[in-house]
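Below are two complexes that have subunit A in common, paired first with subunit B and then with subunit C.
Right, the complex of A and B next:
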């Protein structure tokens, strides 16, 4: 069984005056509703031209499952950012140098793609997707 | 301006060679070098054995179209239970538009959020579960008097 672990630390000494913030959490990522480890992953780097949409995930795979997505905007220009969303709904703005980590359930196979769009300039990003189970494309006849 | 740092460590032996991703960041305002300096505070909420959806982040408390960051953790120890987490005004279920994912016991998430729609959660209802969550805000709307 594969062991995949995700750990986060968030800290600030001056967000709350008089008390420092320190959040630490770690989780072993498992298959959907089970105690066995994830079995598939993909990772890579891409760049997106300004105002261009990029579809990070395919529609294939276990619907409503336990998948996990890491994305980091590796762009160094502070003014460039990546808008991210699901299907056609944009959810947030990932600044340069920032990362995000979410569970992704692939709710509806054809409508749950993770979409990224570069703003203000060409953005580069790295990503990793950990999958509970996945259907590979059938070979063309 | 406050300084809020966050780091992630992902490790896995899912491939034939070890995967190790380590990244740190400073949370910043949209398209800016200036750090986030507001928060709605760290909150903890217990959910009983009901599946009714609940809004944990009200978008009208935050400035629209910004670079807020949302941290959510299911502090329950059992991996059997989960919350649906959705970018939706008041619903979170398997096929809700737009459900982001299922946050199982012990799992956490940290993601950028534009503040345009609520963040809503719904427990699977099988057992009592607890969420902790916090918004690092790129602008909080002043409450009307």
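Right, the complex of A and C next:
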């Protein structure tokens, strides 16, 4: 059976008084229900010019489907960062070298695409999307 | 104060080319922060705000669905992640987790959880990024 496992560890030696922080969590990526076996994956890297937006995921994915998204800002200039958001809602920033991993369910077909915008300079990033379904566009006649 | 998050994704069975990659980073974090806490999430998002509106304070947020409704009874209920105001980001199934950067967007937004159908227990923690973008 197809099994994709995502593991995170978060550690710190000086954050908590008197003790170190060590979080470890691992999960198998699941389809829309509770079965494992994601079949589709997109991976790649792109660059985004300053103050322009990149639509990482079009609205063609399955609405309310199972998607898992990894994004890392691979830009080496510490002053360049990427804003990420869903459609018109800006959510957070990825600075140089920072990464994120989220389940994304494309809740609204045309209003929940993941958008990235470069700030202060051209940014490069890498990404991976794992998913269980993908709706292909209709072929031209 | 330094926080070191590491992500590893592995898959040896789905494709003929094995997936196995790992990425790590070192974040400089500052107050406010919240060490690991648990919350029993009900079906009304506004009742389960885990990061208050913070007006552009960059925050790193970790949340994990414990697979239980109360710390002991297992559940298959899902848990939605939302920006306050009901902007859906994604859904956690039992055992799943996420880690992402959030800032208040200059519009006094926070982060809330909303169980789907019945209560879900989650654990969460957040840390503020010292860069403050």
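Methods note: the second predicted complex is superposed on the first by the 140 of 141 C-alpha atoms of A that agree within 3 Å, B and C clash if a C-alpha of one lies under 4 Å from a C-alpha of the other, contacts with A are read in each partner's own complex, and residues count from 1 in each chain.
In this text, a residue touches a chain if its C-beta (ideal position, glycine included) is under 8 Å from a C-beta of that chain, and two chains touch if they have at least 3 such contacts.
What you see is a predicted model, and the numbers here were worked out from it, not measured in a lab.
Peer 1: Subunit B versus subunit C on the shared subunit A, clash or fit?
Peer 2: clash
Peer 1: Comparing subunit C with subunit B, which touches more residues belonging to subunit A?
Peer 2: B
Peer 1: In the overlay, answer first, second, both or neither for which of subunit B and subunit C A:124 touches.
Peer 2: neither
Peer 1: Quick check for you: in the superposed arrangement, does A:79 touch first (subunit B), second (subunit C), both or neither?
Peer 2: A:79 contacts subunit B only, not subunit C.
Peer 1: Is A:90 touching the first partner subunit B, the second partner subunit C, both, or neither of them?
Peer 2: Touch partners of A:90: subunit B and subunit C.
Peer 1: What part of subunit A is shared between its subunit B contacts and its subunit C contacts?
Peer 2: Touching subunit B and subunit C on subunit A: residues 2-16, 21, 23, 25, 27-30, 34, 37-39, 41, 67, 70, 72, 81, 84, 86, 89-95, 97-105, 107-108, 128.
Peer 1: Along subunit A, where are the residues that touch subunit B in the complex?
Peer 2: Contact set of subunit A toward subunit B: 2-16, 21, 23, 25, 27-30, 32-35, 37-41, 43, 64, 66-68, 70, 72, 78-81, 83-87, 89-95, 97-105, 107-108, 111, 119-120, 128, 130.
Peer 1: Show me the residue ranges of subunit B that touch subunit A in the complex, using the header's touch definition.
Peer 2: Spelled out, the residues of subunit B in touch with subunit A are 2-15, 19, 21, 23, 25-28, 30-33, 37, 39, 42, 65-68, 71, 73, 79-80, 82, 84-85, 87, 94-104, 106-114, 134, 136.
Peer 1: Please give the residue numbers of subunit A that touch subunit C in the complex, ascending.
Peer 2: It comes out as residues 1-16, 21, 23, 25, 27-30, 34, 37-39, 41, 67, 70, 72, 81, 84, 86, 89-95, 97-105, 107-108, 112, 128.
Peer 1: So in the complex, the part of subunit C that touches subunit A is made up of which residues?
Peer 2: So the residues of subunit C in touch with subunit A come to 1-15, 19, 23, 25, 27, 29, 33, 35-36, 58-59, 62, 64, 76, 81, 83, 87-103, 105, 109, 125, 127, 129, 131, 133.
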